[in-house]
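What follows is a pair of complexes built around chain A, which joins chain B in one and chain C in the other.
Then we have the complex of A and B:
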């Protein structure tokens, strides 16, 4: 178990190097001068060159990369061109907000998705299955920024129950376990949960239907187990796959929430990226993408280890 | 205990599945009784209804299956049992060994957990006591290093070992009846005979009544006291093992005996029964075997021959012996 976890951890190293190269290259290949955004249009060539060497942009690309990677390894992702604040602090603050949103959305999506999928799988072919599968299908297909706006119109504008935007009363760092804060989380989290809910429901539906058609389920009934006990076996058999799908979804949500964060003005990495793209804030862009990619790798690692803890066939083979 | 006590009594059992477009009558008026301590082999090819007959005793059919007739197992009317009572019967009084142990065991629980689960389902004992019993059972079915093996998952064991585990699990609650659904079919030939001998040995020791479903007449001869030959959902011939092997009467039984591989040595061709079994969704009106039978006459194609006594203990459903 521990050996397996360590082995998987070693696999992270080449992935991390690859990811950092790709995200560095992508941004430097893209057209546009990052200094254009902060320098006045009539800035002298001398000032431009001075700024260029200050940010290290006059060095050859491989050297720029090596410097950046070396600093990144030591926890220094540079300073934002637009705000002059350390990139790492900006990303950390935004990441925590994004993680809160993604985790809340995944939990909501996983809970309802599992229930829907399980019911649909058990009653496969019946009208219950059709309703549950229809809901899941709707979840996958509906554009979430549209759903977000619909929810805002319904719950904020018409009913006035929930705030429509923002990260809570204390600004982007004012997190607390109180209704004052959580009410801001509900609409974006529900909007975001619709995608994983649909995917998890569909996965679990086919998983449960497949497990129920296996011989061992009949063998369990043949040794006298009642339905509820048989279902415990079904859940245990479905769990490894369900968890891996959930982990992947969490990974996607951690990075892929630009639209929803923008719709709800949620101060997360999505909003940060969005802003950085418009201001061509290279250090922020690079840093954020790197951190998000590493999140994804890390979530996958956790999922693999968890899976091997549940499913004996993975870890020992 | 009365030696002649009837433990299983099936009367006029019919099973109809409604899954496809047309209803499929898999079992069509089967009557069979098994005494205490007796082993009866249900012999027949795929689709003859032998497994379905056996599974009926535990009411293991999918929802929407029509089951008619009466079945009594150690004095309990199986057709009249509630779901709860069925749950108490299954695994405790009547247990079952499946054809493919690898598929019939839950892959994410250890074998030990699965045996303990069975014991704790039917008896109020501690986990500690249940795991001690599991160990004793593993020793009984002669699994080497049983303590370690109990902690194994199904994918870590060989087919023969898994079938031994299945047998151990089936015996966990001291059942009266063991239903064996082709328990050796999925195994290597050398392992097959070990498992057969094990079942026979434990059957004697526990005084079990056994229904042993198989398509292999050699296996049936090895393990059974009596053989009931099934064809297209009906029993066509039934009798003591020696009588059936030595002097098969029904043309189908004769064909089965003729089709044994052991007889086809040298340059002789393997003798087979011409044709194939009838479609159970569209059964012919007369004897189901008539279209494949060399001795069939007009009456065979018209009327279903009833199962009639022959000799001292046998029964046969063929117009030639009516």
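Then we have the complex of A and C:
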């Protein structure tokens, strides 16, 4: 177990370095001079050269990367061009909101997805299965940014039950467990939950159908065990994979929240990223992507190790 | 003697040529009503895209201030008009062109590049495999939406940049599948036999490996088209795909967001098109997977 965890950790380090190189290169694949966003268009050559050496852009690429990575490791991701605030502070304050949204969406998606998938797996082949699988198919095929708009049209514009956008009455400072705040969370979280719901339902359906067709289940049933008891075995066998899929989905949702956050103006990392793209705020763009990607790598690692801890038979290579 | 010999030689029996793998797949696919229906809808959408100039009633880019945001069913504007007074029906018809191009094109390109990378890595094994696959892992370590947004955000908006970003997103996914099937095939006895007989690597890949690995990779790639459609329109929705005034479903959805209070039904229309196309690709891909008997 510990050996496996260490092995996984060793495997993750080169991937993490690679991810950081990709993030570093983002600024260099961008067309035009990275300085163009900061400098006035009529800046003198002298000033340009000065700024270039100030940002280290006159150094060779590998050296630039090493410097950048060294600063990033110590939590210094530079300063935002738009606001002048440190990039890391901007990301941290936004990521709290993103985490709240992604966790809520994962919980909703997991609950409904497992129920759907479980029912479909037990009644495999019947009409119940078709309906449940059909719903799961809708979930993975729907453009969720559009679903968000439709929900806003239904519940905000037509019925007026829920607010259509924003992160709550007092922004991040007003965050609390009251209805005033939670009502802002409902629509984005439900919209976002549709993606993991479909995927979790499909995974659990095939898991349950697989386990039910195994010999030991037949044996349990032959021994005269009640269906209820047999189901307990099925759930115990399906749980590790289901939980790992849930963990991965949480990572996906956090990293891919930009579309939903844009639809609902949810003040998270997605909105931060969206703003950075349009103001050409490259430090924020680079920093946000680095943090989100690293978080995803980390979630993957945790899921792998946890999964092998719960069920030693599974050791993903 | 001659007569006896002639008796011994058996008369040639007419052996029916075995129907082959693909005709079996086609046969099974033809008995899958869901997949066929999905295919039919897709063919209609593609036909609409190709014939857009002949069937669209109006110029999709020509607006008018006096007929902005007309509701569905307006005389002469069957599906209403958008926020600049442009005919929705014409824009949806023309939108099929760019939406399909953006959603579909990255997948075949990624299929070719990803297959080559994966097959080479899987067949070569050893250090080559490690180097290639660790590089693939790096790109695989990004959630796909994030990678697509990061690349097109850095490259800037535009059709070509969006296509490049999406292709880069799908290459590692396809390469992973290609590598794992190739590794399995490579260790089979008949490949060993071919290698022992002195066949060069390229011949072995062409004759023994390709035929066995392309099927599963192909099925996986078709399942990516639906994802690609949603992602591509998502990029346009964020303003990272095609630029206005071009008609594209995701971009239309974005510009119509301001209209959800005045004319919600019209504002939701482009999304319906994305949804229908994406679900049909998904259903067809599922049918194909079953017909080809590839495990997911």
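Note that in this section the second predicted complex is superposed on the first by the 300 of 317 C-alpha atoms of A that agree within 3 Å, B and C clash if a C-alpha of one lies under 4 Å from a C-alpha of the other, contacts with A are read in each partner's own complex, and residues count from 1 in each chain.
Note that in this section contacts are C-beta pairs under 8 Å (C-beta built on N, C-alpha and C of every residue); 3 or more make two chains touch, one makes a residue touch a chain.
A quick note: this is a predicted structure, and the numbers were derived from the prediction, not measured.
Student: Judging by the criteria at the top, classify the pair chain B and chain C on chain A as clash or fit.
Tutor: Verdict on chain A: chain B and chain C fit.
Student: Applying the document's definition of touch, where does A:19 land relative to chain B and chain C: first, second, both, or neither?
Tutor: second
Student: Is A:296 touching the first partner chain B, the second partner chain C, both, or neither of them?
Tutor: The answer is second: A:296 touches chain C but not chain B.
Student: In the overlaid three-chain picture, which partner chain does A:258 touch, first (chain B) or second (chain C), both, or neither?
Tutor: It touches chain C, and chain B stays clear.
Student: Is A:216 touching anything from chain B or chain C once the two structures are fitted on A? First, second, both or neither.
Tutor: first
Student: Quick one: classify A:229 as touching chain B (first), chain C (second), both or neither.
Tutor: In the superposition, A:229 contacts chain B only.
Student: Tell me the contact category for A:266 with respect to chain B and chain C: first, second, both or neither.
Tutor: After superposition on chain A, A:266 lies in contact with neither partner.
Student: Please indicate which partner A:277 is in contact with in the superposed arrangement: first for chain B, second for chain C, both, or neither.
Tutor: second
Student: Between chain B (first) and chain C (second), which, if any, makes contact with A:138: first, second, both or neither?
Tutor: In the superposition, A:138 touches chain C alone.
Student: Report the partner of chain A that touches more of its residues: chain B or chain C.
Tutor: Counting contacted residues of chain A, the larger count belongs to C.
Student: Would you give the minimum C-alpha distance from chain B to chain C, in Å, for the three-chain superposition?
Tutor: It comes out at 17 Å between the closest C-alpha atoms.
Student: Report the residues of chain C in contact with chain A in the complex, numbered from low to high.
Tutor: Touching chain A from chain C are residues 134-135, 137-139, 141-146, 149-151, 153-156, 226, 230, 233-234, 237-240, 250, 253, 257, 260-261, 264, 267-268, 270-272, 274-275, 278-279, 282-283, 286, 296.
Student: Spell out the residues on chain A that touch chain B in their complex, using ranges where they run on.
Tutor: Going through chain A, the ones touching chain B are 214-216, 218-226, 229, 233, 236-237, 240, 310-313, 316-317.
Student: State the interface residues of chain A toward chain C in the complex, per the touch definition above.
Tutor: Of all residues in chain A, those touching chain C are 14-16, 18-19, 21-23, 26-27, 29-31, 137-138, 140-147, 149-150, 152-153, 157-158, 206, 251-252, 254-256, 258-259, 262-263, 273-274, 276-278, 285, 289, 292-293, 296-297, 300.
Student: Touching chain A in the complex: which residues of chain B?
Tutor: 58, 60, 83-84, 87-92, 95-96, 98, 100, 103-110, 117-118, 121-122, 153, 155-156, 169-170
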